[in-house]
Amino acid sequence: MLQVWIDITDQPLNASEVHSFLYESNGGGVCVFAGVTRLETNGKISTSLSYEAYKSMALKEIRRLADEASQRWPILRAVVLHRIGTVVVGEPSVLIGVATAHRGPAFEATRFLIDELKKSVQIWKKESFEDGSQEWVAASWQDLD
Amino acid sequence: MLQVWIDITDQPLNASEVHSFLYESNGGGVCVFAGVTRLETNGKISTSLSYEAYKSMALKEIRRLADEASQRWPILRAVVLHRIGTVVVGEPSVLIGVATAHRGPAFEATRFLIDELKKSVQIWKKESFEDGSQEWVAASWQDLD
Amino acid sequence: MIIVTLRFFSVLREAFGAGVAEVELDPGTTGQGLIELLAANNDEFAAIQSVVRLAVNDEYVELDLQLSDGDEIALITPVSGG
Amino acid sequence: MIIVTLRFFSVLREAFGAGVAEVELDPGTTGQGLIELLAANNDEFAAIQSVVRLAVNDEYVELDLQLSDGDEIALITPVSGG
């Protein structure tokens, strides 16, 4: 029943295809989240983010999260796409979407998937700033409990 | 600061344009909701929904809702598009989206906008079923409190 | 006499067979008076008159408002968009 | 001796100057033993070794696991995707 589209790709993410895939569920409520490279972080101007994944493990972890979400909400279709490589300001690095019969669970499951992805999926982010500096985004496992 | 794209149109809604508009805010979190014509409602098979609007008043009410949302959340850009006329199964009748610096408010404001739109915006929906029957969707003002 | 424009939508448009109508009213007619007049002439409207809201020139009004010549009056039933 | 493949990402890839490395280990070496060996040879790794998790053949493992010939071992630092 549950249909899931998962990908980790170095190609630009296509929101139109994500919407079409979710509409085809014939559910009534579709929620899509896009995580976009932000211009300003902590007062510094970014030019791009660069993502690196341990792809085999990350794909397994995303599928596990989708399975967990589908046990908690009546999901018809779900999408989790993450881009790797360089993502400039104003472009999405992640597109997550859920289709359900009614809108409440679509919002909740989409929020769950992005929150959990950030905690556990084996992808890492490096920020590039307009002053030429670069740094891997500091993170901790504390969020994992 | 706040940029809002509002429309009531008889043309198909374009999710790609909605995403692009929101990405251009340079915010990091973008949430988009699509309300799609559902195949089955209360056990009956639908073929389409048909929407009618009191356009001048509906546009004013949508703008009021966007203003209210922007007072409650730090919204960079917002989109509220509603289609009128016939919307077949699997096509969206409404697209709502919000861009914010971080993701939490984007989810909350998008949810607020679709919930409030359904309560107060002067648009009416008629369902067409595969048995040829049609009916205006019954509603009440009770949801308005 | 005053002349006002009425706008009907969805069930009311079908009940009255038109989306727009011009009607002549006695000066001093209130919103409530208009609703009673319409209910007396249309059973479908009468059945749901209690949930109808009036908007004059795109703003909701109280039913005791006296209508004016040239008013554009929308009869709004509970909405169901989205 | 056993031979295992190590996979490094992000800060660790830069610290070790490579994404993949094959290393020879004594039979019976544990995950903890591998981490101590790497920390002794690389200061950057030593500084963050306490937050590194080991995955063997794409599954997280406890550090007391004895490594086997042919294992693919990923050294996973806290993630930051999205």
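Residue numbering begins at 1 within each chain, and the chains themselves are lettered A, B, C and D in the order written.
Rule of thumb we're sticking to: a contact is a pair of C-beta atoms (placed from the backbone, for glycine too) under 8 Å apart; a residue touches a chain by one contact, two chains touch by 3 or more.
None of the values given here were measured: they were computed from a predicted structure.
*Asks:* What are the mutual neighbours of chain B and chain D in this structure?
*Replies:* Both-contact set = A.
*Asks:* Whole-Å distance, chain A centre to chain C centre, using C-alpha means?
*Replies:* 49
*Asks:* Per the centroid of Cα atoms for each chain, what is the distance between chain C and chain D, given in Å?
*Replies:* Roughly 76 Å separates the two chain centres.
*Asks:* From the mean C-alpha coordinate of chain A to that of chain B, what's the distance rounded to whole Å?
*Replies:* Inter-chain centre distance comes to 23 Å.
*Asks:* Could you work out how far the Cα centre of chain A sits from that of chain D, in whole Å?
*Replies:* Inter-chain centre distance comes to 27 Å.
*Asks:* What positions in chain C touch 2 or more of the other chains?
*Replies:* None at all.
*Asks:* Send over the residues of chain B in touch with two or more other chains.
*Replies:* Residues 35, 114.
*Asks:* According to the definition of touch, which chains form touching pairs?
*Replies:* A-B, A-D, B-C
*Asks:* Would you tell me which residues of chain A are touching chain D in their complex?
*Replies:* Going through chain A, the ones touching chain D are 35, 51-54, 56-58, 60, 82, 93-94, 114, 117-126, 136-141.
*Asks:* Mind listing the chain D positions that touch chain A in their complex?
*Replies:* 7, 9-11, 13, 51, 53, 55, 58, 74, 76-82
*Asks:* For the complex, which residues does chain B have touching chain A?
*Replies:* On the chain B side, the touching residues are 14-16, 18-19, 22-24, 26-40, 89-92, 99, 101, 103, 106-107, 110-111, 114.
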